[in-house]
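Take a look at this one; I'll ask things after.
Just so it is clear, A, B, C, D, E and F label the chains in written order, and each chain counts residues from 1 on its own.
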């Protein structure tokens, strides 16, 4: 039932996806991320080190923070699609590149080594926290393997899609090399029993279980179908009021971490100004005229 | 598997339901809600503006607060069944009636308009918060469309049922006209990925997805079957110790918003007196005699 | 799909399970719990009062605290498998044995009776809280009935398995005799609608619903298959770095009760020392040599 | 140093105070509270049952909720001065009037009596919580005795003044008849050691200790001086931007109960609209022209 | 003003104090604590290793937990007075005795050493947390030096007194050997600026500053006067309703760590049973007859 | 008693202070801050726009973030002294420079203006939050006026000193132009009554009241004495173990915003590694040899 047929996507979207696929990879200042704009207001970010199975290197950590800080303030970006180039989404942390950080820590005694490690861990965590702090929704599309740090990354995204051949592996407990970045923390609510099992045994979870457990909301037949689906979803979001969409992301994240009463109070304080947007009237007008919200020209945000 | 066959309900219950259906609509002081007592200790509340698709008007906000405040202290009500009259559960907020509140806000500058809007939003939120504050469990039964504010309403209820033809639409981000009342907040835990997708795209969710995602706990073939099922469920609850049932609702809501350790502590402080109820002995006696708890005459609460 | 075939387990594991089954029951100082070590680093704890349907007596409360306090500091135990002997997992609280505690409370006025009841309740809660405080993961395997306090017990465990014939019943609201120990509190997040229904009606939940709702992560054909599956799972966990596994349990529990930001911060402070473990290098070495982590001799913890 | 000389108040203010003093007591619908408006935007509320030492009766609980709910939405009230008529501020709860509520509780078993008592307690707490929920600042002026429930009342006020002859007594532990309304809760932070001593011994605290411990911010020579001081302070507040003043009260209360980071976040969401007030420009203009804010005509709120 | 004259204490109380002073030191099973009962319902606990300046040894940690666990359930103890024998209150941790725990930690790698240290730290913290968990109020009386762990100890007590010659030193930052037990945590609210200064510089704080900053609530001329004052205070508390006194301690601690709204809710749930105590009527009766609460014979708790 | 005599400072410290005073003002990249290193490990930061009364301009916000981010990782800085050049500490926000940000906000409708204002407010808040995030303690020394945003700044510092002629003014409610940066939030605990009065009336608070209310911990006769005192205090801190000092700051801030139980847990997780520092042995050795900690050469951090 979670299986969405390829044929439900338009030829145009497929073309968009193919264009993105042939975009030629990262351009400066990025070396690990390929960034393009396949539709108006939609930014496509591709993890692009296919020869290294998109393993996360030190350059990657730095570039993620830089890119999402830029996107957060860029009015031409209203939604982000995030995917991986090549054979799989990501093999996780690039141990060769990161070894010196974690395996050969610096400091003159245990306390100083610990202090320096904590700084490193906080930097890694920041890589994924910028995704949450960016008020633009992030749709992540996973194919093939999504290992270790990859799970941390996707749990920081707002909407998760995957292909039928995708699999996920937490690797938290094996030697704790990948588990310090918060995927477990972001995921620990909801289906605790399953989360515990995955985290404690590092077994693989496949697409069906990912869908039935709620890790992803839709499974597609193959990568092409998934990318078309992701672009269609992103187009839907991009066509709506940015005041509404971004305010929704802010409030959903707030609600996740607070009691219901606090979530309601925050929402009231937020909307006392945001409801004064002209987008409200524009949307109502379009609805009366039976037009799609996509036809409305909302002001920049 | 979530499909419950109509035949499993007794003729008597069907009669009850039909009687309720023919109750003739709201009676003063209510104009939008029809209130009846189909069984002992069971109150049936029906959203009853079928000609307006049960849209939520200003009268509705006021009457919900009044009614649930009354039910909270009424010993003849031990459980509430909530449903909608006519073709659908509810089309959401009645924009025509509410327009002046939200689209033409009052105040001499932006701050004062914001202040007044915040008061309005808080009043709307209160409509649904009274459902939570009422210690009697509320079983909501949804058929047809449940849109916008309707989703906010049902997420404040304790047990949710729907028909096979029901669908749900959050409408949060379209123009934020419906999303400020807390459905997203009440729902944000658990399946975040799906909640995010629904809130950010305003796509419809159908009965199957509502069941598999946990929004509803049971799906019925049609409204008649659902109402019979709801009445049977309500009868089960009404037959139990009111000290036990209402204390359970209070503690379940407390646990939702607190850590496990705090939930345990609160439960201990609550039960140090509540376990001293005579209902305990009465129930134990009935169990020994192989009688149903429904045969026990528990004192008023 | 949740149905795991018996044939997928090795003959050796089946032998292990049979050995455990014939272990002869509790040995001093335990009278309600049979404790054995079927594999290296794996402790098997069996609720063992089959003639009383494993009902929870006063001796049981005391022995659970004693046993899990011991296991918490025992380096030969890296994971616990918990199951029930005889026809079912447990019938819940042993009302005959406990009656004087709850039904005939002590004290010269209502306040003093309440004070004493609160102490009793806190003691009962402690029985299950020791499972969470023990940093070794606990895999619980349920067959047949799991009633009342049994649900409280299993929700304090980390990974839950059951047989196809298992059923669960909360009994919270009937007369509140079983619901004060926190199962509802530990379970209240996630699928609230279903949790509410179960707690308010005390209806039975069967294996399929337990799996689809996330109460258990896997369903097995029969007890023998389940025990073999549990032992295999436990063996997987026992073979991994104890620094990694136990740190994972501590952090998963912390995350459950805190915001994501607080979970990340705690994880960073935890791992600044724990990442300095030699297990990291040992695991990396084994991975390079294509060996299983089980072949690595991790130091005691 | 906390002693403010009478001579520092103008003849006009003294006249105001005397006028208030001769106001003749409560007028319908109030029987325990005398309400007047001694200055523009300043409401004076007087506990007015001098013949009963201003003891808090059932009528008082009801009238407080009614009055402060009205003041919360009344644009002619920007600040409240609260004081007591006659010989003392208040002797606390009127035991004769309340006896049936607390000493002869209603219900057929201990659980039902407890349930009803909890409702009563919540109603009493509400009496003082309305003071916090009202966004207008409340200046309380205490002379003579302030006992039991009186301490609960004043700790819910924003600014506290007293005369040199004032004394305070918590009475929490004596028999718990007065301590269930939250004074200890509102006061428990800050000087815990002293709070504990007062709550556990019920000893009297005099004006000097009240000032040095921060319970009151200023001590006056006598009631006349205190009332003049209170009116001057209220006049200061009434002359400022109501958007600024009431937003400050809301945010101060929010900060009291949240972490610093959460307080900052809420403040940012609040002020993103409130800073758009015209009052800002009006105040700036007045400041440039060296005029007092009192000369500015701020719009209603 | 904080200086209480010796003459205000009765000859009887002085005799009591002298008797306690000559009690001859610890008796089995205690080796570091002398325990006596100078008045009915009052337990005097004396840190009694004067030849070691009452330094805290491994035996001390163990005995504190044992003693306060016993006192928590002992109905003959309604209040505890805690003081130090000999020249000073305490010199803090006994470095010679503790050295092996902290300076020569056990474990095969940094992670395991850290794990073991964390267990040790938690054990030390427990020593003082038992004081909070014991529902009987603890009055601590400090003379001479109170260093390092001593500050941690006294901040866990409910009421703090000291002599004019007392001084306090936090020693947190010097080398962190004493600061891990929570004094700073218990004290961090209120006067943060001063707390920070003391913790960061380890400078001494003398009696005057301790009083003006709220660390102690009263300063006495010498130890004899202080002990008489402590006994008088304890006698006051011991004479009150134990239901009231112990419930007050529980609720004061709860309020310290929760928002005001949560404190009120907990208090209502607590008092719905506790207000049903017969002590209420006994106290009211005594008050009507102008008798002291000390003359009332409250039942055991 | 808070008055510290000038003569208690050494000639050397006075020379240090004078040298700092003649440092010639800001050097690139800073234009509003003069940064120097008067002693080893001590950084002196001076607000240096005396001709503008040290008003906070847009350059100031930017430079604060840049400077404290640098200091956070600079091992030559172990403690910061913060003061103001010229006639006063600071006149608060530079309205002329900031006007366009706040008074002429950007955006095409109210919602977009609000969105942009929120970003600005968050940026201003960040200016002071970097002081808390920097693990090096910050000693602030205030002379003359400290207005509006200045109060926000100093409440983010760890230790606060002032001169006898200093005064403080919150200005929150006047027109809310200065109150959105969190001073009230950081200060709202403790003496709420006084905080409320200051925030609601914007009256001045002088040095005596600042000391008795705990806003500052010490008052000095004049600026020269205060700077000598600040340098002496900073020297004390700089001479201690940086592992101890910086860990103390981290834990004090954590404790401020969490319950006592959570503070203890965090402290245990922190110290399980930090207690393994060689500084512990070095400090113990120095203590045994009766040497000052200042003579110990602690490794960099």
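Here is the rule we go by: a residue touches a chain if its C-beta (ideal position, glycine included) is under 8 Å from a C-beta of that chain, and two chains touch if they have at least 3 such contacts.
Owing to the predicted nature of the structure, the values given are computational and were not obtained by experimental measurement.
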Revision key, fill the gap. For subunit B and subunit C, the touch-path distance in steps comes out at 1
**Study point:** Angle of rotation relating subunit D to subunit E [CA atoms, steps of 5 degrees]
**Key:** 120
Point to revise | Interface numbering overlap (same over half, different under half) for subunit B and subunit E | key: same
Point to revise | Interface with more contacting C-beta pairs, comparing A-C to A-D | key: A-C
Exercise for review: Could you please state the distance in Å, as a whole number, between where the Cα atoms of subunit A are centred and where those of subunit F are centred?
Suggested key: 38
**Study point:** Between subunit B and subunit A, distance of the C-alpha-averaged centres to the nearest whole Å
**Key:** 34
Revision key, fill the gap. Note: subunit E sits from subunit A at a C-alpha centroid distance in Å of 52
Check your understanding: Which subunit C residues reach two or more other chains?
Key -> 110, 113-115, 189-190, 212, 243, 256, 269, 272-277, 279
Study note, to complete from the structure: Counting only contacts in the complex, subunit D reaches subunit B at residues 108-112, 114-115, 243, 246, 273-279, 299-301
Revision key, fill the gap. Within their complex, subunit D touches subunit A through residues 266, 269-270, 272-273, 276
Review point. Okay, in this complex, where on subunit E does subunit F touch?
Key: 95, 102-103, 105, 110, 113-115, 117-118, 121-122, 125, 129, 132, 172-177, 179-182, 184-186, 188-197, 199-203, 208, 212-213, 256-258
Review point. Subunit B touches which residues of subunit A in the complex?
Key: 1, 137, 158-160, 189-190, 212, 214-217, 233, 236-237, 240-241, 243-245, 247-249, 251-252, 255-256, 259-261, 263-264, 267-269, 271-277, 279-284, 293
